[in-house]
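Here come two complexes built around chain A, the first alongside chain B, the second alongside chain C.
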Partner chain A sequence: MNFKFNRKKVSGTLIVVPANEKSFVEEMKNYNFPEARSLKLKEVMGYNKRRMVAGDVCVSDLAVFGLEKLFERKLLSREEIDALLVVTQTGDYLMPPTSNIVQGRLGLKRDMLCLDINQACAGFVLGLIQAFMLLEQESVHKVVLINADILSRKASAQDRNIYPLIGDAAAISVIERGDADQPIYANVKMDGSQFAALVIPAGGLRLPCSAETARLEDVGDGNRRSKDHLFMDGSTIFNFVQTEVPPLINELLATAGASADSIDYFACHQPNRFMLQKLADKMKIPHARMPNNVVENFGNTSGATIPMALALNFADQIRQKPLRLCLAGFGAGLTWAAMLLNLGPLQFCEMIDYP
Partner chain B sequence: MKTVLEILKEIRPEFDFATSQDFISDSMLDSFDMVTLVSALDKNYGISIDGTDIVPENFQNVETITALIRKCGVQA
Partner chain C sequence: MNEFLTKLAETIEVPEIKEADQLKAFPQWDSLAVLSVIAMLDASYGINLRAADLNAVNSAGELFQLVESKKRV
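Moving on, here comes the complex of A and B:
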């Protein structure tokens, strides 16, 4: 499905990462796997260090921390937030929405919209689309988009397929109306028939958490996890990305009448280094124009990875001038979404540690 | 330049890949080994194996792996 927006802009993005850093090498002993093979994987996939919350930190904690920093620095005021979108798969509660919790904790005005969006790795693009649609309303002048997940609390420490790559973070982006005439194009696709390829089986009403769902099971290749944990069918997801994302981006560029050469950078979701290098090769895009270094520094942080890739690689540039970017997110749902836009100059683009 | 067998041996030295016709069914390669193998083949032959070709059928034995790298223009 194609979308087109006019006169909208992202004015800043702040990423909150837990100060607690974990090292892949130190964690290798958790996996029932020879050290030499783990070290080879480290090199290929980009496993290195990542950030995880310590203790019972929740999404709203990271979000409130970051927003308070923006208030303190006068980069944003409470009164001007007309809509608060929280894109997460790991909300504080099943009910109520985490966005309402953030609103309440920060004492934001009551005359506003709070909305949770249950999306993950494609969540930055989907959140931007929702923000742009809200800004079509006369009453909405500024939208705060929060992409946050704490998946480390849902990953088994004995599952080599998931645990070494998971990171926690919250990306807080401010979206408002812009003056630029350059349209923003987006393309979104969904395939719910493959939902089981990336799923937390227990915890919803389909399979409530119980002693049985919490029991660790051998799931092959020396890995152990329970039904309360995040499961990813790595081969299916890898092939889904390689098969579906290039045509999605090509379709987007064709709709916009843009060539790949006209794009400064392809800022994609960051599942692992190998998958992104293969994606870049398939699209004949030089690796330098598709950053792949978020996982090795912070882990795969779900919907926060695209703003993190921007802050990690282009913060100085993007604070000074606009970059022509193609964003692409892909993951749970299955969902894949891309957006073509000029981003910048941003008022702020940085990462801070929590707490 | 290393041969396919030499690269396989480096990845899983405990197995004799010359005697198996189905590395996957014989549990000699798992999905992470396939990723490591693709990375090693790419570097060794100066190619980039297409991501959509990274499926178990292409890693069953030396012949299927050789066919895969030939697809990338390698004279093997």
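Moving on, here comes the complex of A and C:
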């Protein structure tokens, strides 16, 4: 599905990562797997260091911490936030929305809109689309988009399939009206029939948490996880990305009448280095134009990986001048979404540690 | 066939693979190897196999036949 927006812009992004750093090499002994193969996995997938919360930290904790920093540094004021979007799969509660909790904790105005969006790896693009739509309203001047997940608390430490790649983070982006004439294009696809490829089976009403769902089970390849844990069918997701993402981006570029050569960078969601390198190869894009270094430094942080790729690779450039970017996110749902836009100059683009 | 077997051996990082070799008998044959082979078949032959398709195959020769049959479709 195509979307087109005029006169909208991202004015800054701040990423909050837990200070607690984990190392793949130190954790290899948790897996029932020969060390040589684990080292091979590290080399191919780009597993190295990542950030995970220590203790019972929640999404609203990371969000409140980051927003308070923006208020302190006068990059944003409480009163000017007209809408607060929280894109997460790991909200503080099943009910109410985490966005309302953040609003209450920060004492934001009551004359505003808070909205949670249940999306993950495609969540930055979907959040931007929602923010742009809200900005069509006369009463909305500034939208705060928070992409945050704490999936480490839902991953089994004995599941080599998922645990070594998960990182926690919150990306806080500010979106407002812009004056640039260049339209922003987006393309979104959904396939709920394949939802089981990325799922946390227990915890909703379909399968409430119980002693039974908490029981660790041998799931093959020496891995153990329970139904309370995040499950990813890695090879199905790999096939899905290789098959569906290139046509999604090609369709977007065709709609916009843009060539791949006119794009400075392809800032994609980063599940692991292997998948992004194969995606770049398939699209015949040089690896240097599709950054893939978030996972080796911070882990796969769900909807926050795209802003993190920008902060990690282009922070200085993008504060000075706009970059022409193609964004693409893909994952849970299944959902895949891409956006073509000029991003920058950003007022702020950086990462800070949550102590 | 020989070119295919060479590529397969490079992908799962063993010195040599023969037509009759059982893929699951290689100590290197794990989920990472399966993913690497899926990626190689996509890049070299334009074929998208699923892990389940690959795990249903026994010998390297059978995999070659499967790839040939998909190429013709």
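Criterion: the second predicted complex is superposed on the first by the 355 of 355 C-alpha atoms of A that agree within 3 Å, B and C clash if a C-alpha of one lies under 4 Å from a C-alpha of the other, contacts with A are read in each partner's own complex, and residues count from 1 in each chain.
Definition applied: a contact is a pair of C-beta atoms (placed from the backbone, for glycine too) under 8 Å apart; a residue touches a chain by one contact, two chains touch by 3 or more.
These figures come from a predicted structure and were not determined experimentally.
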Check the residue A:287 against both partner chains and state whether it touches chain B (first), chain C (second), both, or neither.
neither
Just checking: does A:221 make contact with chain B only, chain C only, both, or neither of them? Give me first, second, both or neither.
both
Once chain A of both complexes is superposed, is A:236 in touch with chain B (first), chain C (second), both, or neither?
second
Quick one: is A:279 in contact with chain B, with chain C, with both, or with neither? Answer first, second, both or neither.
first
Just checking: does A:44 make contact with chain B only, chain C only, both, or neither of them? Give me first, second, both or neither.
both
Take the contacts of chain A with chain B and those with chain C, and give the residues found in both.
37, 40-41, 44-45, 221, 234-235, 238-239, 242-243, 274, 278, 281-282
Given the complex, residues on chain A that touch chain C span 33-34, 37, 40-41, 44-45, 161, 221, 234-236, 238-239, 242-243, 274, 278, 281-282
Applying the document's contact rule, which stretches of chain C touch chain A when the two form their complex?
13, 27-28, 30-32, 34-36, 38-39, 42-43, 48, 50-51
Mind listing the chain B positions that touch chain A in their complex?
11, 30-33, 35-36, 38-39, 48, 50-52, 54-56
Using the touch definition up top, name the residues of chain A that touch chain B in the complex.
37, 40-41, 43-45, 160, 221, 234-235, 238-239, 241-243, 274-275, 278-279, 281-282
